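Two complexes follow with chain A in common, the first pairing it with chain B and the second with chain C.
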Partner chain A sequence: MYVFVWRRLVGTALVLLGVSVVVFLMIKLIPGDPAATLLGPQGTPEEVRQLRAAMGLDRPVAIQYLRWLERAVHGDLGTSTSLAQPVTSLVFTSFRNTALLGAASIVVAILAGIPAGILSATRPGSVFDVIGMLVALFLNSMPSFWLGLLLILSGSVWLRIFPVGGMVSIRGPSGPGDLLAHLVLPTISLSAWSVGIIARISRSSMLEVIGLAYVRTARSKGLAERLVIYRHALRNALLPVVTVISLQAGTLLGGAIVTEAIFAWPGLGLLMYNAIGARDLPVILGGILVMSAVFVVVNAIVDVLYVVIDPRVRLG
Partner chain B sequence: MRRWQVVIGSCFVLGFVTAAIAGPLVAPHDPYRVDLARALAPPSPQFLLGTDTLGRDIVSRLAWGARVAFVVSTVPVIVALGIGLAAGVVAGYAGGLLDYGIMRILDVWLAFPTILLALGLAAALGPGLRTALIAMMVVNAPPLIRLVRGLVLAAKEHAYVEAARSLGASTPRVLVRHMLVNIVSPVIVYTTLQTGRNVILAASLSFLGLGIQPPAADWGVMLSEGRSVIALAPAVATIPGLAIFLVTLGFNLVGDGMRDILDPLMRS
Partner chain C sequence: MMRGLRFTRRRFVARGLTTMAGIWSSAIGERAGAAPAPIAGGTLVIGSEGQHQTLDPHVLTGTVTLHITSLIYENLITQDMTHPELKYVPLAPGVAESWTVSGDGTVYTFRIRSGVRFHDGTPLDAAAVKANFDRALDPSSPFYYPPAKGNLNFIMRWVDRVDAPNPATFIVRLKQPFPSLPEELADRRMGLISPTALRKAGNTDIGAHPVGSGPFRFGSKSTDNTITVDRNPAYWGTKPYLDRIIFRPYPDPTALGAALQTGEVDVVFTLTVDQLTTLSKDPNIQIQYTDLANVFFWMLNTRNGPTTSKQVRQALNYAINRRAISNELLKGSVRPCGGPAPVGNPVYEPALLPYDYNPAKAKALLAAAKVPLPLELVVMLPTSGAELTDAPAVGTVMQQELRDVGVNVAFERMEWAAFLAKAIKGLDDRTAALYTGWDTGTQDPYWFETMFSSASAPPNGPNRAWYSNSMVDQLLAKARHELNATQRITTYRKAVAIIADDAPWIFIYQDRWPRAIRTKVHGFVSVPCPYVDMTKVWLAK
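After this line comes the complex of A and B, so read on.
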């Protein structure tokens, strides 16, 4: 067991290192000489050469990478070109709001997706099953920005129940209730895709488990159907669902950019969306680095948790 | 049920392909002709779905947009399919250090949430159609390599491969004539589903300002431009979104239905 956990940790560290290499290579992909760009048209070739040396751009790429990595590890991801602030502090202050939206979305996705999938699987072919799976497929076919606009249109413009965007009201009552009202529409929009995929995986996983011999045994010894499903089958059926849930971290982080842009939710996604508009590459790449690192770490944690929830991984 | 799903999905996909080919030929107006005097005109016999913020005909822009969406959703996945088959077969069949190396690179590639990887590449290379195509190829290929490798690894153990080899078949012959035909159905299913996802991915890049640029008649661009007038003229932004949804739904219906039909375990 410890060997497994240890191996997974080393693997995670290597993948994180790989992620940093890819982000560094993206920086290198940007056309043009950064030193020349910085000096502008007035810079003489001699000045450009001196600045290149000062910035370390005349060193081999591997050395440049190591220096960049050293700074990144110490929390220096450069300075935002549009906001003139350190990228690290911008990213971390806004990440809190993204984490709140992401957590709300994953909770909704689990609470809506798993019951829908399980109920469908226990009544295959029923009206509930057919409609439920059709809705799940719809949710997996909707672009989130379109769903977001439809939600604003129906919930804010026509029904006037929810605020159009933002996180707190400028005027009027503030507090947890106000925050919750602002959270509803972005959460529905961001969690929609995950609800669909979790429902579909829960259903197929449950169907597979119900067909196994041990479930037949439980049934043939006269157990009530409820006990068979919820005590015996559910535990095993949820294992693949846990993996899919952990993969949703990536979907939610990536999807946050579009969702936060539509609802003006002041998180890392909105920061990156504005940075795209301003061609502020340090913020864009810093955001990608942080989001991807979070995704890798979340998946590693879930993998290790697997050892706890599935004894076969521990023993096998 | 499954058959109906494939039939309905195929109708959507066929409609999309027809629109991509014939749409621009039958579009009633020039999709780029700006006329501020008739901006945000309501639907009329002349402009069936009305006009957008710059007075351009929405129907015509939708029709031209279908062609753009078709190119950006199919080209990357076709290229990725070529890369996936080549690299996946090599990794799965050769095994050893080569396989190990390819898989570790994939570990890193797949560690990025899809949209973020595409976004980073598009941001670094500068926005545009070419960039969007490259970024999408890069994110389409790794899952296909991993899928093909897994299928080849499983197929390698089958008796029919052993039989073909002992009859003296060369490695390329075993791979193409015997293995490839046996692993092709999951690959087709995956490619179909990915094409649908690509329609959304490409539109997302356009929406974020990193893909195809305005004033191009692209569904993502149209949606993004219509956002500012969502309360005033909801159709401008919601109709291109509906088009994206229906096309993606079509590919999902076909891919999902095919998976269940092709999977012998589900056929009962």
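After this line comes the complex of A and C, so read on.
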């Protein structure tokens, strides 16, 4: 286990270093200038040149990167050029908000998707199976921005149950109930696609396991069907599902730009979307580093989970 | 006899009841017709169309956050936003209670109001004003901040130096006469920050800890970037009715419109065409048009390609149906503007908007220009950017109208940051035009020199069409120095008449800037200004 953890730490550092280099170069290569974007259309080339010099953007690219890296290693991710705030606090505050939304979405996706897939697999060809998989396909096909706007129209404008957007603090005057109210619609919107894919993968994985010989043996020994499915078949069927969930978790925890923009949820996705438009390199770099670290950590956790689920799997 | 008496009594009672009903309804009518008395207190919630930036006015460009900072900070000179009957917004004393101009127009002496303090108690005197100017002017000043220098260059380029000989006197010495200085000083980016707060927070953090002298003070910034400002009970001027104003950001315009419909927000300052269509049907929402002088146009390459011909440029202008674009495509949220001088600019007169839809004339001009048809043009088109969300739709309509007269347009579609980075260098040899708009200072005559003087060509200015006319240059320079207001306007009009004839742009429309307000909100006065005098705003119970 210690060797596993050590290897993962070293690997993570190398991944983050590589990601930072690639992203830094990409931002420098795409058209757009942070100084020109800050000054807007009224800016003149001369004013842009002066502002670039003040921001240190006139230095060679390699020097700019090395200066950024030196500060980043000490925990200073720089200052946002568009928001004039420290990137570290911006990124971590946004990540915390995204983590809340992402975690809620993963929980909903698991609680809705896995049971739906299992029930479909145990009743193949039934009305429940057909309707369930059609709904799953629909959820997979629906664009998230369309679903989000539909939820706002129905839940906020017509029914007046949920707020349109924004987020409140759990310690705010309106309390955790208000935070929960703000969380409902974006969670439904964000989890929809995951519910669909988890349900479909659960169903196909379960069907494959149910068809194996040992399950037939268990049934022929007279075991109750509930025991056959949930004690003997489910655990083996979960491995592919865990893989899909880990990929979904990485994506959701990294920030869902469209959902966050529609519901004005102040998460990492929205922060990155605005930063890219403004060519705010410090924020882009900081945000992507956090997203990359999340992916790596989630994958490490999933690797450990594999061992728990299937003792035949070894770490390392 | 008895029968007659009964009839008379019944008639008397009926007439009495009728009279009483009449008196009663008349009283009600009078009460309904009378203007309601303002009510003190309450919280106004404003939906912002995008994220809030730093609350440092000296580095801001967009009105989204300037709406907030305009409540926290004050300027030397402000705008009087209480005259909807005027087609412009007159200037008024702000922190400077009066000012004088020297005979040669180069020295402005401001008398600073006594007793005004910043929200942190620091006196707002001439030294404090100088500290703010030094932030963009004097590299040796401890307050100097290069991003402020770049952003405020529009005014500081004229300033030689500033002095504060005593607490009540602030002097601006210009390099040359510049009668537009008072207008520029009223720009919300020139808000005055407390020097004490600047020293304490530093240049990069002052935006998170804003301290001004305005009628509202910074309250808080929450998890979702909602910003709250609270009434300043110690304000020297007219105290606001409202206790608090909350600015809530909504990146998606549909969600923002939904928030207004549900009452989650009370005001939305700028509307998209789709929002306008939906919200105008809601009986709880009123739409106000501020009729700003913001203009939208295609800059035409006057240095290279077929658009170097004046006849071609005029033809392109006659080919565009501005009324259809304004009334049908953009649903009346804009008005046609077939020339360089928008309504709201003091130079405006109808003769300076000569271009109307006339495809026959367009074809005749193209024939006279002897250009091979179809004419092929490449046009830069932004697909995003503040107030340019309609650009793709308008561009498509214009493309069709130009095709009808034998001009084929190919768009180079670009995301906003990429568009800006290319546009500021000026139109290159292969690009015939770029689609853009302008808001800053379009109500000030000096704007014409900014846009059309040959000295304003890149890298020195935004004349990206490379337009150059020596007579126009002379007239604009003469107008800039002219201290007589009437003569100044006359000189500008001569210059603008030539610009209109030269047609360096396809002039398209000017913004009516519709905003949506819930009916419980009172005190919003519709003047040609994106900002609102929030000290006059109140909420009905």
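FYI, the second predicted complex is superposed on the first by the 240 of 316 C-alpha atoms of A that agree within 3 Å, B and C clash if a C-alpha of one lies under 4 Å from a C-alpha of the other, contacts with A are read in each partner's own complex, and residues count from 1 in each chain.
By definition in this document, contacts are C-beta pairs under 8 Å (C-beta built on N, C-alpha and C of every residue); 3 or more make two chains touch, one makes a residue touch a chain.
Please read all numbers here as calculations on a predicted model, not as lab measurements.
*Asks:* Touching A:T251 in the superposition: chain B (first), chain C (second), both, neither?
*Replies:* Touch partner of A:T251: chain B, not chain C.
*Asks:* Is A:L305 contacted by the first partner chain B, the second partner chain C, both or neither?
*Replies:* Neither: A:L305 stays clear of chain B and chain C.
*Asks:* A:V10 in the overlay: touching chain B, chain C, both, or neither? Say first, second, both or neither.
*Replies:* Touch partners of A:V10: none, neither chain B nor chain C.
*Asks:* Would you sort A:I30 into first (chain B), second (chain C), both or neither based on which partner it touches?
*Replies:* So A:I30 meets both chain B and chain C here.
*Asks:* Examine A:S82 and indicate which partner it touches, taking first as chain B and second as chain C; both and neither are also allowed.
*Replies:* Second partner only.
*Asks:* Which partner chains sit in contact with A:I152 here, chain B, chain C, both or neither? Use first/second/both/neither.
*Replies:* both
*Asks:* Just chain B (first), just chain C (second), both, or neither: which does A:P266 touch?
*Replies:* second
*Asks:* Considering only the touch criterion stated at the top, classify A:G277 as touching first (chain B), second (chain C), both, or neither.
*Replies:* In the superposition, A:G277 contacts both chain B and chain C.
*Asks:* Residue overlap on chain A between the chain B contact set and the chain C contact set?
*Replies:* Common to the two interfaces on chain A: residues 30-31, 149, 152-153, 157, 261-262, 273, 277.
*Asks:* Would you pull the chain A residues touching chain B in the complex into a rising list?
*Replies:* Interface residues on the chain A side: 11, 14-15, 18-19, 21-23, 26-27, 29-31, 130, 137-138, 140-146, 149-150, 152-153, 157, 250-251, 253-255, 257-258, 261-262, 272-273, 276-277, 281, 284-285, 288, 291-292, 295-296.
*Asks:* In their shared complex, at which residues does chain C touch chain A?
*Replies:* The touching residues are 51, 53-54, 56, 59, 61-62, 146-147, 149-151, 153-154, 204-205, 207-208, 222-226, 248-252, 254-255, 258-259, 261-262, 264, 384, 414-418, 420-425, 436-438, 440, 458-462.
*Asks:* Residue numbers of chain B touching chain A in their complex, please.
*Replies:* Touching chain A: residues 1, 104-105, 107-109, 111-117, 119-121, 123-126, 196, 200, 203-204, 207-210, 223, 227, 230-231, 234, 237-238, 241-242, 244-245, 248-249, 252-253, 256 of chain B.
*Asks:* For the complex, give me every residue of chain A touching chain C.
*Replies:* Within the complex, chain A contacts chain C at residues 30-33, 35-51, 53-55, 79, 82-85, 93, 97, 149, 152-153, 156-157, 160, 163-169, 172, 261-266, 270, 273-274, 277-279.
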